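What follows is a set of structures for review.
After this come two complexes, each holding chain A, first together with chain B and then together with chain C.
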Partner chain A sequence: MSKKINSLEDLRKLRAEKEKLTSPREGDNIQVIVGMGTCGIAAGARDAMLALLDEINKKNLKVNVTQTGCIGMCEKEPLIDVIVPGKSRITYGNVTADVAKNIVSQHLANGQIVQQNVVGKIEE
Partner chain B sequence: MELYRGHILICSGTGCISSGANSIKDAFEQQLAEKDLAKEFKVIETGCHGFCEMGPIAIVYPEGTFYCRLEDEDVKTIVDEHLIKGRLVQDKLYNPPHSEDKIPSYKEIAFYKKQHRIALRNCGYVNPEDIDEYIVKGGYEALGKVLTELTPDQVIDDMKKSGLRGRGGGGFPTGLKWEFTSKSESDKKYMICNADEGDPGAFMDRSILEGDPHSIIEGMVIGGYATGADEGYIYIRAEYPLAINRLKTALDQAREYGMLGENILGTGFNFELHIKEGAGAFVCGEETALMHSIEGKRGMPRPRPPFPAVKGLWEKPSNINNVETFANVPVIFEKGADWFASLGTEKSKGTKVFALTGKINNTGLAEVPMGITVREIIYDIGGGITDNKKFKAVQIGGPSGGCLPENLIDLPVDYDSLIEAGAMMGSGGLVVMDEDTCMVDLARFFLNFTQDESCGKCTPCREGTKRMLEILERIVDGEGRKGDIELLEELGETIKTTSLCGLGQTAPNPVLSTLKYFRDEYEAHINDERCPAGACSALAKYVIDQDLCKKCTLCTKVCPVSAIEGKPKEVHKIDPEVCTACGVCVEKCKFDAIKKG
Partner chain C sequence: MSHVILDLVQNSVSAKADKVEIKLTASKRQDLLSVLISDNGKGMDEEQVRKATNPFYSTRETRDIGLGLPFAKMMAEQANGDFKILSKPSKGTNVYFSFRLSHWDCPPIGDLSATFVSLFIFHKEILVIFKVKSDDGSFTLSNQEIYKELSASQITEQWVIEWVREYFEKNLVNTLKEG
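On to the complex of A and B.
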């Protein structure tokens, strides 16, 4: 199959398609931080993270997922923080795989905060 | 396509590879596979980050954590702690000189903070072997715009407006050079990239080719379109195997994608590129010599005019530019000529990449806006002088350049102010010297280099530099004579004005500039048989610092030739006539009171 790019439009299309190649290296994306202390991992933070990644991938979003140690509210684990540039930082608790998927489709994709899981908010 | 949670960028420039980057990469891949993380983290090899001294380097994204001086064992710790638990591995973070702080983030390191990376925009950030990564970063967009929206004359106008000047040393306006080639009538024209990079200590061109080869290809195709060339050569020295390999990969990918060859981007424009490996002679960087070399002849220069723009490769109009010059071209069309012209100084636009070496803490590659001062480069980016010694001078521009003394440390670095100070931008080598460097010896070092590299075609350069070198060697050996300084000046001026090519025309610069700013050191060598820096072994005698001497007589007892006079409670003295500079006394003195000087 020829990979020839025959116009500027096709070049731009290819660029959009391949964005994921470098997106974890871009600093201005939405950030999701997963609490992965021992407590978080025990409570299922890994499942939550994998579900997050899977859903972000399916929806083709520009989001950076990182992890941190214990966030400090162990009874609400798994905990994740969502930082949309220019907006408040939202902390979600009890994030099961299903909740994680919800957060992706509502908050990350549409900017709608998933109220029932919010456990904290830090104003920007 | 898979989405990865994080990217681990392993610097795979020549510097880091030689300090072990390949085995760090293997260790990461093995650890990721073992811990079942290979689908979450991707290991990417990049070109040089510029901070080679800190190698091997790995940067973990999305955090942008900069790990340096890695050893194989560290990889497991980073995977266990950072990748699995999100905790930074403190031990492997960068620790700036004179500070206890660890700096986790790439962007916060002083070395990078003051830089403005245009030519190096993708170096250390993209995988140079993947054209898709280049395209995601906006690559080939400029070429597309140029081919579809601009006429060749408009491209040249934009280049002129941008103010870009050649980064190979002379600083000739690139737009104007393109215009000359474009105006030459011919059925055939060539576009040539000079990647010979012969200056000792310089490695910016190599780093760009290793780290971002597509930017050179894109710049050259744009140049081909503007000047009417349909074929080009990249002349690169054979000692750069990694750069050559990455370039070959990039050329194949560019051809496959239709960015090279026939009907580029469907616009009907054709352009083909070849690599020509040079054997690595300094004079082959000179443009006419370089073209002879491509033609398969000996790399000897010829008089100009006719300039290459009129009669170049195989007598056809040819345009020749430096690697860094080409690397700037795509950005000019991506962000606009006005944007580019807003950077730098009135007459030197944009940025310049410098290779920082010598007695400086952060050796490496740094790209800075034109007009930045020497002080900012050395102290803010370079982290100051090693071992807290005193700054003495900086040699800019390698063997064609000259040196600047401490009182010019606030000189803005641009083409014209450097020339005015008796130095030259050259390719951007910047060697920092401290109090222990002898300026006569430094001049001798550079002249030895140019004298060796003279092609021998013209007499002033062939014979003249040899005579100059003999005089310098004599002075360094303590055999300097009255009149030597004047003779050096006279020879220097004559060689500059009568040599055939730039090699001879600039060869005396290191001597003349050190004579201008450090004449007293020459005089001390000749008149007092003394090397003030204590570097020339034939002249360096030991002296006792009167303030530090504790009058303990230890030194007098060990001196094998009884050159030291000293009774208890009397400050000791060394008789220079008797001293053989063996150094035994220095080792014995507990108070560091004995120095060369």
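On to the complex of A and C.
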């Protein structure tokens, strides 16, 4: 057995450190929904979701990330929905890790829709 | 295979389980790679179990196609392994599938820690236990024991995700590799 390098004890220490550094994040609670049905997972939704979270954290945005199952556009998976309060709900298709990063930096951070990946729009 | 596990645990979640246990065994000695996913969800009756691996059947109401279980079955059969479902209404469901490690079509294990992280982020209300066993070691990890150390808003923060990933990788994945 290899040595267990970290343990829950490390997590506790890390948490104490982080809590000193970070102040609670303010925000308007944007919601992002990732399609995690069989089709989504097979198409790479897991990687897209991890890239998404990675970028959200880098930019220090306040975003709720949740998941849903298959919505019937399997050929366009991975699918991600972005709901900015007061704006139209946008569904993005073929979301690779790179596209996910674009969505965060353009749409979530700056309110600019990433047009080439939009597959649906529900007007507010 | 890590994708298949993620997919099947999603089934358990849809079946309203609040506890899901994933047991992974990798043994070179027995030439076996096996996965057992047990949940305490609403379960299935005999008829449903029989239909469950038919790709044109699903309990979902929007469409009649479900592919999680048929995929798992197909993969197991291609690699000379077994596939079983044991389920009782209101008791929960056990899905077991295995592969011959030496078989050409034995699927790569894949990014298991990414699977765990996905489950960790999305299913806070459910107890997810991962158990890994190899020829010379075993390791268990549950999401709840990590939540205990954190506040709810911290779960999706990057340093937590990174830590969980690393922790999982160093313990579970290494245990598997040594098998």
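Here, the second predicted complex is superposed on the first by the 96 of 124 C-alpha atoms of A that agree within 3 Å, B and C clash if a C-alpha of one lies under 4 Å from a C-alpha of the other, contacts with A are read in each partner's own complex, and residues count from 1 in each chain.
To be clear about the criterion, a residue touches a chain if its C-beta (ideal position, glycine included) is under 8 Å from a C-beta of that chain, and two chains touch if they have at least 3 such contacts.
Everything numeric here is computed off the predicted structure, so don't read it as measured data.
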Touched partner set for A:Leu8, first chain B, second chain C, both or neither: both
First, second, both or neither for A:Asn57, with chain B first and chain C second: both
Which superposed partner A:Ala42 touches (first chain B, second chain C, both, neither): second
Which superposed partner A:Thr68 touches (first chain B, second chain C, both, neither): first
Which superposed partner A:Asn29 touches (first chain B, second chain C, both, neither): first
Partner chain(s) touched by A:Lys20 [first = chain B, second = chain C, both, neither]: first
Doubly contacted chain A residues - partners chain C and chain B: 4-8, 11-12, 14-15, 18, 24, 36-37, 49, 53, 56-57, 65-67, 69
In the complex with chain C, residue positions of chain A that touch it: 1-2, 4-8, 10-12, 14-15, 18, 24, 36-39, 41-42, 46-47, 49-50, 53-54, 56-58, 65-67, 69-70, 72
Chain A - residues contacting chain B, complex: 3-8, 11-12, 14-15, 18-27, 29, 31, 34, 36-37, 49, 53, 56-57, 64-69
For the chain B and chain A complex, residues of the former touching the latter: 1-7, 9, 40, 61-64, 84-87, 107, 125-126, 130, 132-133, 135-138, 140-141, 144-145, 147-148, 256-259, 265-266
Chain A contact footprint on chain C (complex, rising order): 3, 6-7, 10, 14, 60, 62-63, 66-68, 71, 111, 114-115, 117-118, 121-122, 136-137, 145-146, 149-150, 153-154, 156-161, 163, 166-167, 170-171, 174-175, 178
